[in-house]
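Each of the next two complexes has chain A plus one other chain: chain B in the first, chain C in the second.
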Partner chain A sequence: MTASVETAAAQAGKPPRDWVLISLWISLVVVAAVWIAPFVFIVFTSLKSTAQVMTSSAFAPPTDPQFSNFTAAWARGRFSTTVVNSVIITAVKVPLGLFLSAMAAYALAKIPMRFGKLILVLILFGTMIPFQVMLAPIFTLVNGFGLIDTYPGVILPYLAFGIPYQVFILYGFFRNIPHELSEAARIDGASHFTTFRRVFLPVSLPVLAALFILDFVATWNEFAMALVLLQDREMWTLPLGLSAFQGQFSRDYGQLNAAIVMTVLPAIIVYLIFQRYFVSGLTSGAVKG
Partner chain B sequence: MASVTISNVRKNYGAVPVIHGVDIDIHHGEFVVLVGPSGCGKSTLLRMIAGLENISDGTIAIDDKVVNHLEPKDRDIAMVFQNYALYPQMTVAQNMSFALELAKVDKATIRQKVDAAAAILGLEPLLDRKPAQLSGGQRQRVAMGRAIVRNPKVFLFDEPLSNLDAKLRVAMRAEIKSLHQRLGTTIVYVTHDQIEAMTMADRIVVLNAGRVEQIGTPLELYDRPVNRFVAGFIGSPAMNFVAGTLQAGQAGLKVASGAVIPIGPYPAEFAGRQVEFGIRPEHIQVADGNGLEARVEVVEPTGSETHVVIDMAGEKLVALIRHRISITAGDAMSVVFEEGQGHLFDADSGQRLTHTSATAAM
Partner chain C sequence: MAERAILSNTRVQAALLLGPALVVYVVFAVFPMLDVIWLSFFKWNGLDPVKAYVGTANYVDVFTKDPVFWVAFRNTVIWTALSVAIPPMIGLALALGLNQPIFGRNSLRAIYYLPVIIASIAVATMWRWMYDPFFGLFGQILTSLGLQAWVPDWLGNRDIALYSAFGAYVWQSVGFSMVLFLAGLQGVNKSLVEAARIDGAGRWAVFRYVTLPALRTTLTIVLVLAIISSLKAFDIVYGLTGGGPAQSTQMLALWAFTQSMQIFDFGRGSAISVVLLAVTLAVVIPYMRWSQKREETAE
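On to the complex of A and B.
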C-alpha cells in the first residue's frame, strides 16, 4: 500500500515525503529554541529598565531600549579592570596550553619511549579529577608559592587542568596520521621538532581550532577557581565581576544582563570566527580523510 | 650510485624472529626487486635499509660504509612510500624542496633541482597544486620527484604502485624503469606482485618467511627455480605441480589416482622417489592425437592466449595455448609436455632435483 502510494507520488514527479527527516527537523528546531531562548531573554532584558523587567514578559522585546544599562554595567562591574585581566589570562593560557598539549601529544604518539604508555595513563588520569575537588589543595599550593592574586597563580592551575583532555584529543588525532608521513619527514632530514612544527601542526589545524574554541570559552567563563585564587578585586576576571550585580539588597536585572551580554560577546565572536573549523575538527579522525 | 651490502641481517620483534639472517649484495646502479608474499619480511628489510627499523643482528653497508646506527637522513637514501606520504598542506614544489630546505641548500639551487626533477617527471604544470588536487598517478610522480631532487645514492621503493589502477600501474612501471635507465641510481624495490618484479628488475630476490629463497635475474628465476616455492611464486598463470612417485625405467610419475604420467627422461637413481613434477602452463601444448589424454574442464580465453584447465589422470593442470583453438568444457584433448621444460622438486624439502629433459621421447 505504502509502496504503491510512493510509486504514484514518484510518478507524479514529487519526491515522497520522508517522515523521519521531517520529525528530525522538528526536534532540531525544538532543541534550538530551548538553547536560544535564554540568550533571547538575556539580550532583551539587557535593554529593559528595572520597571520594564518587572512589568513585561521575559520574552517581550524591549519597547524603550535602555542602552544606558551597558554603560552603567561597565562601570559597576569594573569592566575596565576585569576585561584586561580576562584578556591577559586567556591570551596567555589558551595558546600556551594548546602548544604544550600538542607537543606532549606528539611525543606520546610518535616518539617511542620506554614509559610512554604509563605517562599517557597518568596524564589521562588528570581528566578524571573534577577540579572542584581540588580547589582547597590548589589554594594551599598556590598560596605556598606566594602566587595568590597573581596571573601565574591562576594560569598555572588552568594549564594543569586544561592540558590533560587536550593531550587526550590530540594524541588520538596524531595517532591517526599515517606513520609514513613522519617517516618521510625523518628521511628528508627533519628533527622531531621540525616534523611537529612543519608537518603535524598544519595537518592538525582543524582539531587545534576546535580545541582553541573550547578552551577559550572555558577559560573566559571560568568562575570557581578564579574566585578562590583571585581575591584582590583588582585581579578579578569578568565572571567574578558579574557577582557585583548580585548584591544583598539590590538587583538590577537590566544591568546584570547587559554585563552578561558583554561578557559572553567575545566568546561568541571567537566561536563564529572558528566555527567552520570547529565542526570539521569535531568529526576529524572519525573517517580516514 | 652505490652498492648495498646486506650481511646476515636479522630482525626480531621481541622473541619473534621475522628476518632470519639475510645476505644480499646489491651492485652499483642495479635495480633489485624484493618480492614475496605478504608477511615475508620484504618491507621490513627495506625499512631496515632506510633506517626506519632497528637491525637486531648483522650489518647493512652502503658503499662499504656500515650504516646500522646512522639516522635515515645520514644514509643518503630516498624512499617512495606505498601511500605516497606527501605533506598534505604543502604544494608539489614545497613537497619536493622540503629535504633540500632542511639541508640549508640555497634557494636558487633548490629551484633549479625542483625544476629539473619536475621536467623529468612531467610535473611542471602541477608545481603549485596541493596533493589533494592530484590524481593517484600524479601523486606517485610527486613522491618520486621528492626522491629525485635529493640525488641520493640509493632509491628505496615500498610497493609504490599498489594503490594505482591496473592500467596506470603498467604505465608507471615503464616510467620507473626508464627513470632508472636515465638516472642510473641503485634502486631497491619492494613488491608482492611478481609481474612487477619480472618486468622491472635487473635481479630479483625472492623472500619467504624471512628467508631468501633465491636471488637471480628474472629469467634465471623463471627458468631454473631452485625450489618449489620460487617455481610456484614466479610466473602467471603459476607453474603446474603434480605430486607422485618416480617409476623405474623412465616410465614416468605415478600419481594419486594410480595412473603413470610419462614425464620424459630423468636420472635412473631417482626411481622410487616422492617428487613434485612442475611444468609451466605454456609448456603444455596441444598434440595431434598421439599425446597424453586429458579432459577439458574450463576454457578461459583472454584474447591473446587461452588458459585451459585440463584433467589428466585426476590431476588438474593449466595449459596456456597461444593460437586460436576451438574447444569447450568436456571435450577430450591430447597434450604434450614441451621438451626439456619439466622441473622436479623433492616432495619433502621442495628443493630442485634436476632439470629433466622432459618429453624428449614424446
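On to the complex of A and C.
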C-alpha cells in the first residue's frame, strides 16, 4: 500500500507532495475495493462446494476449485436454452432498433414536416415513461396479437421502449451536422434515403456505437417485461433463468453463484472491451447537448 | 418509372423514414399507457372476453380497502427520497475525485461503473446471497469483528428489509450518476478555474463558486433521472424480497404487477398503475418544459 501511494504521489505532482490529492486517491481506492468486493465474493463462492462455503471465510480463496459447479449450474439452470433465447432476441432487437431510430431521427432533424415538432415531443415523452408502470396492458396487447411466448412478442415492445431515447440522442446529433453537408448531397440529386445512408450514417458511427453498447446491455439484462411476456420456460431469457434458479436451488450456494457469474459475464466482457468507445460516445453527446 | 416518381416525393420519403419507428412506438408504448387508464375502470381477470364496467370502484377499493397499497405507496416515497439523496451525492463525490489528475483514474472509473451494467435481477441475486444471515458476506464480516450477536436478518426483518434492499440499489446506481457528473465536469470552464486559483481561491472556494454553479444543469438532470428510475424500481425488489416479508417491502410498480399478473385483478392493478403514472407525469412534464426552455434560450 505504502509503495503504491508513493508512486501515485510521484505521478500526481513532483516536488511539493500534494497531501490532499494523496488522501483523495487513498479514499477512492478504498471505495473501489468496497465496490469490487461483491464480485470477488461471488466468484470465490462459485468455486466452492457447499461444505467449503459453510466452513471457510467469505474472502478465503477456494482451496480446491469446484469447476463442476459451473457445469452443474449450466444443466440445472437450462442455460443452453436461455442463452440461445437471449442471443436471438438481442441480435435482432439491437441493430433493428438502432436502424429504425436513426431513420426516424434523420427525418425529424432534416426534413421539414408539419407535425414534426409535435411528433418529437411525443417521442421525447417516451424517454421518461417507465414501462414497469404498465406491464399488465403490455401483456394484454401482446396477448391480443397472439404473440405471448414468441420472439416477436417480446422484441416489438422492446423496440417501442428503446426507440425514444435513441431518437432523442440521434436527433440532437443529426441536427448539429452542418447544413452544407446534407444540402450538397441533396443538390446532387440524391434522395433523402441516399443522403441518410451515404452522409449521415457514416459520420454518426461513434454515436451509433455508443448507443449499440448501451442497448445491448439493456436488452441483455431486461427482466420485468420478459417476466410478463415469456411464460413458457422454453422461451426464457438469461435473467428469467437466473431468477428461477434462485427460487429453486438457493441452498446450493456454489452452483447459484456459478449461475450468477455465467449470467453477468457476457455483459461485463462487452463493457470492458468497448468501454472507451462507450464512455467517449456518452460524454461527447452530453457535452454537446 | 412511376415508382421512382413516388419515392422522390419528399413527403413520401419522410413517411417511409419516420413511419416504422413511429408505428412501433405508438402501438407498443403509447397505446398501453392509454389502455391502462381504460382498464382501471373495469373488473377483468385479463383473459375473459367480457370486461365489466365498474366506474371508479377500483380506485375506491385501492384507496380504502387495500392496506398494502399504502405500504407500497409509503415505501415508494421513502425509496425515491433516499435515491435522490444518496446515490447522486456519492456519484458527485466520486466524479470530483476522478476529475483530478490521479493515478489509475480510468480503472477506478471502470470499477465504480461496473455494477451499472449488471442485470438488476443478477444484482438482486448477488445481494440476496451476500445478505444470507449465516454464510453471507455481511454476516461474516460482522462475525469476524466479534459482532455475531448483531447480525440482523437483513431481508427477513420487516423493519430493515427495505433499507437492505436499498443498499443493493445504491451499489448498482452510483456509477450512473458519476458518469453524468463526469460529463458535466467536462463542461466546467477551465480558464475560469485557473483564474480563480490565481486569484488565490482555495479548493473549496473553487468548488463552491465555480464548479457547482456550472454543474446546475447536470444536477437537475441527475436528480430527475434518479426520481424516475426509483419510481420504476421493480427487478431489484422482486429479486431480493418479492415484496416480503409480510408485504413490508412492497412497492407500487411491483404491487400493480402482483395485482394484475398474479391475483388476476387487472382493474385494480391498472388503478395502481394509473396512480404511479400520475406521480411520474407530475415529475416528467415540468422537467420536459424546463429542458425545452433551456434549449430555446440556448439557441
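Throughout what follows, the second predicted complex is superposed on the first by the 246 of 289 C-alpha atoms of A that agree within 3 Å, B and C clash if a C-alpha of one lies under 4 Å from a C-alpha of the other, contacts with A are read in each partner's own complex, and residues count from 1 in each chain.
By our rule, contacts are C-beta pairs under 8 Å (C-beta built on N, C-alpha and C of every residue); 3 or more make two chains touch, one makes a residue touch a chain.
A quick note: this is a predicted structure, and the numbers were derived from the prediction, not measured.
The superposition on chain A brings chain B alongside chain C with room for both. Shared-chain residue A:187: touches chain B; no touch with chain C. When the shared chain is aligned, chain C comes close enough to touch A:41, but chain B does not.
In the superposition on chain A, contact of A:30 is made with neither chain B nor chain C.
In the superposed pair of complexes, A:156 makes contact with chain C only, with no contact to chain B. Chain A has more of its residues touched by C than by the other of chain B and chain C.
In the superposed model, A:58 makes contact with chain C only, not with chain B. Superposing both complexes on chain A places the Cα centres of chain B and chain C at an angle of 100° as seen from the Cα centre of chain A, in steps of 10. Looking at the shared chain after the overlay, A:265 reaches neither chain B nor chain C.
By the touch criterion defined above, A:118 reaches neither chain B nor chain C.
Following the chain A superposition, chain B and chain C show a smallest Cα-Cα distance of 10 angstrom. Within the complex, the chain C residues that touch chain A are 7-8, 10, 13-14, 16-18, 20-22, 24-25, 27-33, 35-36, 39, 46, 94, 97-98, 100-104, 108-112, 114-115, 117-122, 125-130, 134-137, 140-141, 144, 171, 179-180, 182-184, 186-187, 203, 228-229, 231-232, 234-235, 238-239, 253, 256-257, 260-261, 266, 269-270, 273, 276-277, 280, 284, 287-288.
Within the complex formed with chain A, the chain B residues making contact are 50-52, 71-73, 77-79, 81-83, 85-89, 98-99, 102-103, 146, 150. Within the complex, the chain A residues that touch chain B are 178, 180-181, 183-190, 194, 198-199, 202-203. Listing the residues of chain A that touch chain C in their complex gives 7-8, 11-13, 20-21, 24-25, 27-29, 31-32, 35-39, 41-42, 45, 53-54, 57-58, 100-101, 103-104, 106-108, 111, 113, 119, 121-126, 128-141, 156-157, 159-161, 163-164, 167, 191-193, 196, 217, 220-224, 227-228, 238-239, 242-243, 246, 250, 253, 256-257, 259-260, 263-264, 267-268, 271-272, 275, 279, 282-283, 286-287.
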